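Worksheet: the structure to be examined is printed underneath.
Chains here go by letter, A, B and C, matching the order in which they are written, and residues are numbered from 1 within each.
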Amino acid sequence: MAEFRMPVLGADMKAGELVAWLKQPGEPVQKGEVIAEVETDKAVVEIESMYTGVVEKLLIEKGDKVPVGTPLALIQTEGPEEAPPVSRVEPPPERRARPAGRPPPAPAAAGRLRVSPVAQKLADEKAVDLSKVSGSGPGGRIMVQDVEAAIAAAAATPAAAPAAAPAGRSLRMRQSIAAAMSRSHREIPHFYVESVIDLSRAIAWLSEQNARRPVAQRLIYGALLVKAAAVALEKTPELNAVWAEDHVELKPAVHVGVAVALPGGGLVAPAIHDTDKLPLDELMTRFRDLVRRARAGRLRSSELTDPTITVTSLGEAGAESVFGLIYPPQVALVGFGRLTERPWAVEGRVEVRKVIHASLAGDHRALDGYRGGVYLAELDRLLQEPESL
Amino acid sequence: MKTLTYREAVRSALRDAMNRDPRVFLMGEDVGRYGGAFAVTHGLLAEFGPERIRDTPLMESTFLGAGIGAALNGMRPIVEIMTINFSMLCMDQVLNNAATLRYMSGGQLSVPLVVRMASGGGRQMAAQHSHSLEGWYAHIPGISVLAPATVADACGMLLAAVEEPDPVFIMEHATLYPREGELDETSGAGDIRKAAVRREGRHVSLLTYGACVWKALEAADRLAEKGVEAEVVDLRVLRPLDSETFLSSVAKTRGAVIIEEAWRTGGFAAEISAQIMENVFDLLDWPVQRVCGVEVPAPYAKHMEDASLPQVEDIVAVVEANLV
Amino acid sequence: MTTQPARADTAGETKYQLDLLRQMLLVRRFEERSSDLYQMGNIRGFLHLYIGEEAVAVGAMQAFSPEDAIVSTYREHGHALARGMAATSLMAELYGKVTGCSKGHGGSMHFFDAAKRFYGGYAIVGGGLPVAVGLALADKMLGRERVTACFFGDGAVAEGEFHEALNLAKLWRLPVLFLCENNLYAMGTALAVSHSVTDIALKAQAYDIPGEAVDGMDVLAVEAATRPAAARVRKGGGPELLEFRTYRFRGHSMADPELYRTREEVERWQERDPIPAFVRRLRDLNRLDDAGLARLEESVKQEVEEAVAFAEESPWEALEDLTKDVLTS
C-alpha cells in the first residue's frame, strides 16, 4: 500500500488546499495520471499520481488545506513499491547561533576604565565616581544599569544635608571628590616616605634654558618635576600600576595624572600620556593645554581615567610638604611641596639651597616602603641631572 | 627610481606583465587603436600587436564574460572597462559568474581575471560618468578590490593582481592619471593585502582611499598648523579589508574620520565605521565621522560638483569640530 | 534537414544507436525520478526538467570530444548526463550533498565538472554565452583545435548577450558552436511574444554566421547536423549556429501551472516524443525487440536507483566549510 502525500509543487510551497478529487476509491490510476486538483498560493494545479494501482482510500476532503508531505490518499499498488517507503536521508547539521562577534581587544591605554558612553554621561551628570562602580558588561565594562545601581545605593545612605549647598557643577565636583577620597581612605592602607631634594642645579639649568626662549615657550620647574617623576618609575615600575581587587596590575605605559586646581574649588588630575617619553617642551605644551581645558571644563573622559600615577604639587603658595590621598585604582601619589630656600650641608659647610619636599604615598597592599624609598632616591638623582630629562 | 605619471605607471605594469607572461592579454573598448580612453594603453598595440591588445565592440557584458571564459581556459586576461559607470552593463557577469563560479563549482574552477576601471568624479563629466561604486564591488565575496592611490601602487598592485588566482578589480580614480610620483622600477609586484599609513599622527585617524588620500594629506597639513597631528591611512585594499591597520590607528588616536566620494547612505565608509565600533568602541573619544558624497547624481556645473564631493575644508572642519 | 551519414558497419551502427537510445532513456527516467523526489521534498529550490528534449542533448553531444568545452543552462540535466557525468554525482548534487558534482553548492542549476570540461549550469538566461565566447577565445589564442559548445534556449535569444556573443565570435573568428534549443517558450512567454523575427536560425545571418534549423525531436537528425558543424568550427571555420526545434512536455519548472499553453498542444508534441519515435525506428530496422528494450529499461532503472541510493546515503557538507571555496587561496 502506498501513501500518496501532498507534493511540493514549487520552491516556496508550504501547504496546499484540495479543490477536487479526480479519482474515487476503487478506481484504477496510472503513475503520471492526474488524480486531484490542488490550490497553492500561486494557482490551481493538477497533481499527478506517483503510483500505479487502485485508489484504496481518500484521506482528505475538498476544502482541506494541508501542509506539504501530508498523506492524501492510499493507493493499493501491484508488485513492489515504486518509491522507497521512507527517506533514508539524515537531517543536515544543526545550525548553531553565530558567536556574538570577537571580544574587544585589551585596550592599549593603562588603567583605563571600561565604561559605555551613556554610562559615562550619566555618571558625569550625577557625579558618580566610576572608580568605585563595578561593571557588569562585557570585559567588565560599566553599563548604564551599573551606574544607576550605584546612584540608588548612594541614595540609600544619605549624607547629612550640607548647610549651604553650592550650586551645579561645583557641587557635583565636590561630591565626586568626596566619594573618591572617602573610598581612598577607606580602602587603601597608605604609607608615606619623604625626601628633601636640592633643586638648585635644576633651577639654574632651567633659567639658562628659559633665557634663550620666548616667553610663551618658557618651561616651569613643575614640568621638570613631572618629567622626573615619570622617568623615575623606570627604576620602580611597580609604582606605575593599579590595584585590581586582590592583585597588582602593572601598566606598560606611564601616564602621569597632573593635579590641576579649579577656580570654583576642587581638583582634577587628567593624564599626560606617555609622560616619560615626552620632550620637556611637548610636556609643557600638553600641560598648558590640559590646564586650559580643565578650567574650561573640556577634558575628555579618557584623560580622566587614564592616569597610572598622580603628581600633585603645591606650587608657590602652600605648605612645604604634602601627604596626599591616592586616587584609586592607582597605587601611588607623588607630592611636591613649596620650593623654598633652606640651609643645606655641602661638604661640611652650610649653604643656602633651593629645596623641595617630595613625598610618596604608597598603597601598602601593592608596595613596600623600601621601594618607595628607592623611587625617591631615583627622583632625586634625576633632578640633579636636569639636562637628561 | 623614476618620476612618472600614474597612467605611465599603469602602462609600465601592463607592459611588464605582458612581457613576463604570454598568457596575459588586454581587452577593452579603445585600448588599441585609440590608445586608451585615458591614454593608459597608448603605444601598446604597436608593441604587442592586435592578438594581445584587443579592441572590443561596445558590449561590456560579453567582453567581460569572455574575459571570464578565457581565464577559465588558461589565459590571464586584463579587461578594461572604460569607467565604473559603464560597468553596470556587465554587473551580471561580475557577480553571477566571476565572483561565484569558484563557489558554485565546489572549488573546481578558478577565474584568474583582472579588471581595471576608471572611477570617481571631479572633472565635470556629469551624472553618467562620475560616480564611485567601489563599495558595491567590495560588498561581493569571491573577488578582490584594489584602489591604488599612488604612482608606486598603480604599478605594483597591477603586477601583483595578474598573479592572483581569483578575480581582482582595480579601481583607478580618473583624476589620478596625470599625477606624478616616484616609481622604483625594480620593485616588481607590490602588496595587495595591506593598508598603508601615509602620514603618522597622534590626534585623529583619517581613513580613506583613492584620490581622497591626497585630500586627506592636504587636510593633515592644514590641521598640523593648528597643532592637530592627523594620521592618514590609505586603505589601498577594499576587499579583503586590512582592518588591523586602521583599527590600530584608531586605537592610538581615539578618533576617526572616514572619507570617500561615494554617496553617504550605505556607503563603504559605513562598513569601516561599523568595524571601528565593533572593535575599539571603548577607546573612542568621539563618534566616528564620515565625509562622503552628497546624495545627488553627479552635477555638471563646477561649483555644484565641488559641493557634492568631499573637499579638504570639509575634512578639516569635521576634525576641528570634534577635537579642538 | 540533413541526411544521416553512411556508416560502414551495421553492427557497429546498431550498437551505437542502441547506446543513443539508452542515453535518452537514462535522461528521461532520471528526470521522472527527480520530479517525484522533488514532490517528496528531497530535492529543493528549482527543478527544470528536460523531458521531451532528450534528442537534442544526446544527439548533439556525440559531436564533441573530451577536449571540447560544454556550456549549458539551468535546464542542464540532459547535457550533463550525455556528457558522461555520473548519475550518482548529479543526484547527490540535487540532494545538496557534499558528494555532488559541485559539492552541493549549486543544486539543479549549477552542475560543473572541470575534468569533463562541463562549464555549467547558468541560472541567468544568456549568462553562459559570454563565458563560452571566452573559452573559445583562449583555445584560439593558445592554438588548440577545440570547439566550445554553447547550449541556450529561445529565451536567451532575446538577451543582449546573444547578439553580443554572436557578433564577437564572428569578428574574432572564435570556435563557438551556438546551439539553440527552441522549445517555443521562455518560461511562459511564447516565441512570437518575445521576438519580432521568430526564425532563430535566420538571426545568425545578421552576424554572417551560418544558421540551420533542425528537427529537435529526431536524435539522428540532431546528430547528423551537429557533427559536421562541430568539425567545421573545430577546424577554424568560425562560429556557427544550429536551432533545434523541440518541446518540453513538463512545465518550465516544478511550480509552473502551465496557464500559457493548451493541453492539446502538449499532447500533439507528445505524439512526436523522441524516445518512442526512435524505438519505433529501431524496431523497424530490426535492431530492437521487446526483450532488448526491457533490458535497456532495467539497466537504466538500476542506474537511477543507484544514484538515488547514493544521494540518500551521502553525507552533508560540514558547517565549518561554509566559506571554504569562496577564494582559491
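Here is the rule we go by: a residue touches a chain if its C-beta (ideal position, glycine included) is under 8 Å from a C-beta of that chain, and two chains touch if they have at least 3 such contacts.
Computed from a predicted structure; not experimentally measured.
Student: Suppose every chain is reduced to the average of its Cα atoms; which one is closest to the average of all protein Cα atoms?
Tutor: Of all chains shown, the one whose C-alpha centroid lies nearest the global centroid is B.
Student: Max contacts between which two chains?
Tutor: B-C
Student: If you average the Cα atoms of chain B and of chain C to get two centres, how far apart are those centres in Å?
Tutor: 41
Student: Between chain A and chain B, what distance separates the C-alpha centroids? Give it in angstrom.
Tutor: Between these chains, centre-to-centre, one finds 35 Å.
Student: For chain A and chain C, what's the span in angstrom between their mean Cα positions?
Tutor: Taking the mean C-alpha position of each chain, the two centres sit 62 Å apart.
Student: Which part of chain C faces chain A closely enough to touch in the complex?
Tutor: Within the complex, chain C touches chain A at residues 36, 38-42, 44-46, 95-96, 253-255, 257, 259, 308-309, 312-313, 315-316, 318-319.
Student: Could you please specify the touching residues of chain C with respect to chain B in the complex?
Tutor: 69, 100-106, 110, 112-114, 119-124, 127, 129-139, 141-142, 148, 160-161, 164-165, 167-168, 171-172, 323-329
Student: Write out the stretch or stretches of chain A touching chain B in their complex.
Tutor: 101-102, 104-105, 107-109, 112, 114-115, 139, 141, 300-302
Student: Which residues of chain B touch chain C once you look at their complex with the stated criterion?
Tutor: Against chain C, the touching part of chain B is residues 25, 51, 54, 56-57, 59, 61-75, 77, 92-93, 96-97, 101-110, 141-142, 165-166.
Student: Where on chain B does chain A make contact in their complex?
Tutor: Per the stated touch rule, the residues are 251-252, 254, 278-283, 285.
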